[in-house]
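Presented sequentially are two complexes of subunit A, the first with subunit B as partner and the second with subunit C.
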Partner chain A sequence: MSGVSRRGLLGGIGAAGAGAAAIGFGAGWAAQGSEPDDAGSAPTTFDLYGEHQSGIVTPVQDRLHFAAFDVLTDDRESLVALLQAWTVAAAEMMAGRPAGPDISSYNAPPDDTGEAIGLPSSRLTITFGFGRSLFDDRFGLADRLPEALVELPHFPGDNLDPARSDGDLCVQACADDPQVAVHAVRNLARIGFGTVGVRWSQLGFGKTSTTTRDEQTPRNLMGFKDGTMNLKSDEQSDLDEHVWVEPSDDRDAWLAGGSYLVARRINMTIEIWDRQTLQSQEGDIGRTKAEGAPLSGGTEHDDPDFELAGRDGPLIDPASHVALAHPTANNGVRLLRRGYNFVDGSTEIGRLDAGLFFLAYVTDPRSHYIPMQTQLASKDRLQEYLQHTGSALFAIPGGIAPGEHVGQALFA
Partner chain B sequence: MSRIPAVAAALSLGVLLTACTENAAPADEGDARSITVESSADACDLSAVEAPAGKLTFSVKNTGTDVTEFYLLAPDGLRIVSEVENIGPGLTRDLTVVTPEGDYITACKPGMVGDGIRADFTATKSDEAVDVSAGDTELVDQALTNYAAYVGDQTDQLVAKTQEFVDAYKAGDDEAARAIYPVARTHWERIETVAESFGDLDPMMDAREADLAPGDTWTGWHRMEKDLWPARAEDYTPLGAKARAKFADDLMANTEELATRVPDLTYTVDQIANGSRGLLDEVATGKVTGEEEYWSRTDLYDFQANVDGAKVAFDGLKPIVEKNDAALADQITSRFEELQALLDETREGDGFVSYDELTQDQVRQLSDAVNALSEPLSKLAAAVV
Partner chain C sequence: MSGVSRRGLLGGIGAAGAGAAAIGFGAGWAAQGSEPDDAGSAPTTFDLYGEHQSGIVTPVQDRLHFAAFDVLTDDRESLVALLQAWTVAAAEMMAGRPAGPDISSYNAPPDDTGEAIGLPSSRLTITFGFGRSLFDDRFGLADRLPEALVELPHFPGDNLDPARSDGDLCVQACADDPQVAVHAVRNLARIGFGTVGVRWSQLGFGKTSTTTRDEQTPRNLMGFKDGTMNLKSDEQSDLDEHVWVEPSDDRDAWLAGGSYLVARRINMTIEIWDRQTLQSQEGDIGRTKAEGAPLSGGTEHDDPDFELAGRDGPLIDPASHVALAHPTANNGVRLLRRGYNFVDGSTEIGRLDAGLFFLAYVTDPRSHYIPMQTQLASKDRLQEYLQHTGSALFAIPGGIAPGEHVGQALFA
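Take a look at the complex of A and B:
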């Protein structure tokens, strides 16, 4: 059954248009990485296996379903078995195939839940991570807890909901079709029943950062371009310096080729923001709204000049977001951001429950997130309109080799 | 203070703004009122040296390498009709100004120094009657003077009531301290946007526990609030007399420092207008949700005080808004009344019920009324400058 693609199935049941694509699909998926689509050379599928996990430097897809899980058993073997099963299912789904092989036995529920039948893989990537709480005494991992997998401190203004924070494991599913991303998390959760339970999950739409240069910088819900300074996938030496973990001892040797993922659910008081003058909004951000140019001049990708003075001090307010988040204000650190906008409906008083689900991959949160966020939380003008309501930090193991499971080095 | 004449001048020309926009100009004439300006190191190129009187938009692009400014000056070359500052290299900023028929001087000022690169400009006679009324400068001066007096008066009362509060608190008279707490804070909340402009004092006086970073010392009103109403705290250890005195004296000292600085403040009409909206923003963020007075649940006192301050600011500007945009003035006026009617339903004795006694429906109604007022209020600044 492993050769059956969802699109192949679709062709079989006669939907127009997808059948032809399925031919190339079945033949091409196992080759290294990707398959060109009909229109050009951009990949339409990504490979689970490789030096690093997918879903980090991969071009950012349009949609996200992120889930954190708690492990319900103390049995190490069950946990390892789950990671094996997740790895296999993830590889299948990323290739556009069902999560499990048996989808036709009449007297049993199908191995795959079915809502992605007929849909292309939609550039699905599935990325796994381990939270600090996994390294307690349940699984004998206490001496493998990396020093950098800290408990994040309380930042000024934090209003964290424990039910939206932390977790033993995480799964980040990104795809261009929300149904495909949700399908992935749903099927992995189903495979995990008895071993893990979902602690919290978050849907995201409208990517707020790019990892490639040829895309337009997307906008967050404040209406501003976000992530102009983001690390791009072709900046190899910067990725090595700022994203990938450099193992230093026995505790984090298993993290070679991996990273740390900071996840923050950042609510925006959107209705109040929308009432601020354009001058005030641009002053808070430090960039123009339409173009995204720094207020010191030029166009979006020109370097901000924090010294350039206007009538009443620097054109870019030192308390603006761009001034405080810029690498020059943070010991040169850069982040690989992969966040999404979110709207989880409305609150009981009719406000949007909305904001930015911030995801950043970094080499060490102690140098690459905590100092920056400490500064932003106490000085950033934008903080007036933000409230962090969820928080988690995960260690993201390195890439998976065919035949292995995610995080295998940790359990070796 | 240096900006006030400019504001006044711009204001006097903004009188018939509403009439202009209602009176749609023909398309070609509309284009004639859009003027592009290119400001380089040694030139100030306008796409036109004359335009029909009315609402003119100068779209100023900085093609040089220094920060630039653009001015529309009266024929005497001194009085600023309107201006746009802080245009970074490569950026474009629009200056919209209602311009009566007459002669003007334009000036680009690359590098922000000297007299700038000047040229004559003419607003020609047009169908759009644009009038400069006398007396607007007086309206503005009156509004500024009145608002400064209000802030000064509230500051004096804040000092007096804070003294009463800290005296009761230090004496261990918790009942009296609890009674005076929301009353004293009323004077803070009425001028909250002004008080917050002292970025060093605000966190020491009004920080909530969650605003702190690890290692910060929590001081100010809310520290003592928690001590007086510890019911929602877990394993709370009450402060001893010495600690009480420390926090109380600290608050009093900061309040007195605030009072010494307030008389030096100057205001502009757009600051007052934005401050009015800012007070409603404070209501929306902290009060309507019951987050501000987490321990005492006296949020409705703060709510009323913010609304009081916003109303005073608006009332001071009202004569100006009524001339510039009568419909906006009416809308804001009636929405203040609607919000006040809802707040009045929550009164109890000389004060207000506890936030916890509000029903979900009441919270929703208050929140909707705040939104209804805040939206037109956010347009106030543009209507008075």
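Take a look at the complex of A and C:
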């Protein structure tokens, strides 16, 4: 009953006139899994506070709701106040509680929209980021624009929709229950009413990578395992090298403990893909479909051998996805990916509007995304089946301590 | 290892040239939960065959992918062949197996698209239906058009998008894992390539009703419990009266054991709703938000008392949703609902494109939907926050025996 004692039994005002029993929201939320974890079991809730934001190396949850916002005010104090309010609400929701405390005042709109009442916290994480456009002249942040927060170049094959790209702010909500992730984004958008507006949002229904070793590698909508090579949360030195920002000057000092998030909405022409032979599909990827093993042999987690030749040349085509995305072809670069499969209904010509919402956390997009994507976009055999329809880059500030607000170092 | 023995170990052709171990799809699928259930535990797979189709009174799964199709051919035999192929594939997928047997011939596209490899069957059900347009002059079915398969009238407040409405055929895939539901629709669409095209499709991420008594009533995006009064699978006489078709003539004799499915995409202006006081929200619904109890008192499953008066008149407003949708206001009509919450990103003005994808199975839409919706659309206080943006009605044929195909009685 910690939910009740934590917030008090807020009383049953709804039917009070009829003398009904006292029933408030407290009882509903009491069922939530926000208790300390049993020793040895996996966490059921994550903490907003820490060296880094949650939702980066955190074990990848099943579902995603991602939203980019435009700031509607020019007032720096209003922006800071929003970040303060978002921080408080995010901490509450991640703990499995309502977004705000006042949810049963009869003559006010409830602080929380209610659709997550009775649901466990579902390992919710909420991660915040800042887009390049935030550093224009509106908020006095121009001299804090990190050099690495570039405008991504136009890559071959990009067909970007401005209405699915960029944004001043981003919120990534991941949870095992989509209703919990949707609830989080909705309540943050609501708190920001008048200060920010949703620019675009994206739901993802199935994760395509993991950051732990004890899980099966999930599959993307091409039917192949995805993210076999993903950075894992226990690879500390690689995380330091490839994910966390190493501040270098006054412009990015506020990003200590932070990262950069590359978000790309990648449509797949899955109907065309489905008509290719298994040989063709496996050749494009460079791995077997069933097991995910490199075509040079072995099992999923064996290293691919790009030199090993078969009758007709290398067993792994140098133009395959695995060859071109491999660290050996990218100056040793590794990615921490957090992508999700999406299906947004169907298109006007009756094809599924489906693909991969690619999310990757990198130490510097200039070294860790742009060169790789430049290469993939021009050489990758997979490219024939892909179209990038949305794109954004965000600076992800480091973690905070209780009492601070998200991104506080930027405004200090 | 029944997955392997059932379909044979299909061999590891991918890396054969390199002498790798034999690894086929069989091994991946062996992990699936298609085994007979342990005595006493809830089923993990459902059977395609039976008196009724699955996915109607079946315990409601968490996620939905719904698709409506247009038939692209005028050839009756091609349509029947498709239904035969769909039946076989649906039975396989519901059992947790691939959509087709040939998934590792190196020189052919795999029969299955692969993204559900390694996933359990997730209680998948696949339910098929026929729209009114199927009964035109293309397939010789005009004299089999049931009288109840009407064109739904235009209701006040309808703002229907033809690209989200109607269709010759429908497929409802429900599963606890959205990747499994998406996989089912995708593979059926693929099998139908050239014969049918997807007209529209809709994902739902959270169920809003149950057909069992041991589950919490889920919540819709207004934050209220939804479907408290839903018909339950053990109410046999009410199911007979309100859900299953009672054939009355030659036109609907083929619908024995079947039903009608009303599908409505109902957008909610949730940002506006969220600004209303709790009093206003509860007054609109006629129930408390926290508990779902009628405003006349008691707890969720107590009967509302529409006569009970408070200081200012009836405690439950006669224009509230619960009053207008209640059986007592609708000639005793009860609904078997199977709706889902949806969020399809955001609109051009930065609002969530969100709401309820309403699905209800009824014995006759003329008695069981049209009068109720006519009343709700003109009187319901909730209507201020709702806009119906998609609409379809399908005749859902009865169940089949092994060896038959879905809808066989229609073509007999």
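The rule we apply is simple: the second predicted complex is superposed on the first by the 372 of 412 C-alpha atoms of A that agree within 3 Å, B and C clash if a C-alpha of one lies under 4 Å from a C-alpha of the other, contacts with A are read in each partner's own complex, and residues count from 1 in each chain.
Just so we're on the same page, contacts are C-beta pairs under 8 Å (C-beta built on N, C-alpha and C of every residue); 3 or more make two chains touch, one makes a residue touch a chain.
Note that the structure is a prediction, hence the values are computed from the model and not measured.
By the touch criterion defined above, A:142 lies against neither subunit B nor subunit C after alignment on the C-alpha atoms of chain A.
Of the two partner chains, subunit C is the only one that A:113 touches; subunit B does not reach it. With both structures placed on the common chain, the touch criterion links A:310 to subunit B and to subunit C.
Of the two partner chains, neither subunit B nor subunit C is touched by A:81.
Legend: residue contacts after superposition of the two complexes on their common chain; A:224 is shown touching subunit C, with no touch to subunit B. Looking at the shared chain after the overlay, A:377 reaches subunit B, while subunit C stays out of its contact range.
With both structures placed on the common chain, the touch criterion links A:299 to subunit B and to subunit C. In the superposed model, A:350 lies in contact with both subunit B and subunit C. Judged by the number of subunit A residues each one touches, C leads among subunit B and subunit C. By the touch criterion defined above, A:159 lies against subunit B but remains apart from subunit C after alignment on the C-alpha atoms of chain A. For the contact definition in use here, the residues of subunit A common to its subunit B contact set and its subunit C contact set are 271, 275-277, 288, 293-299, 308, 310-311, 315, 348-351. If you check the complex, the residues on subunit B that touch subunit A are 62, 67, 69, 85-86, 88-91, 112, 210-214, 216, 274, 277, 281, 284-285, 288-289, 360, 363-364, 367-368, 371, 374-375, 377-378, 381-382. Subunit A makes touch with subunit B in their complex at residues 153-159, 269, 271-272, 275-277, 280, 288, 293-299, 302, 308-312, 315, 348-351, 374, 377-378.
Subunit C meets subunit A in the complex at residues 12-15, 17-21, 23-25, 27-28, 63, 65, 67, 70, 103-110, 112-118, 163, 177-179, 182, 186, 189-190, 193, 197-203, 205-206, 216, 219-224, 270-271, 274-279, 281-282, 287-291, 293-299, 308, 310-311, 315, 341, 343-346, 348-352, 354.
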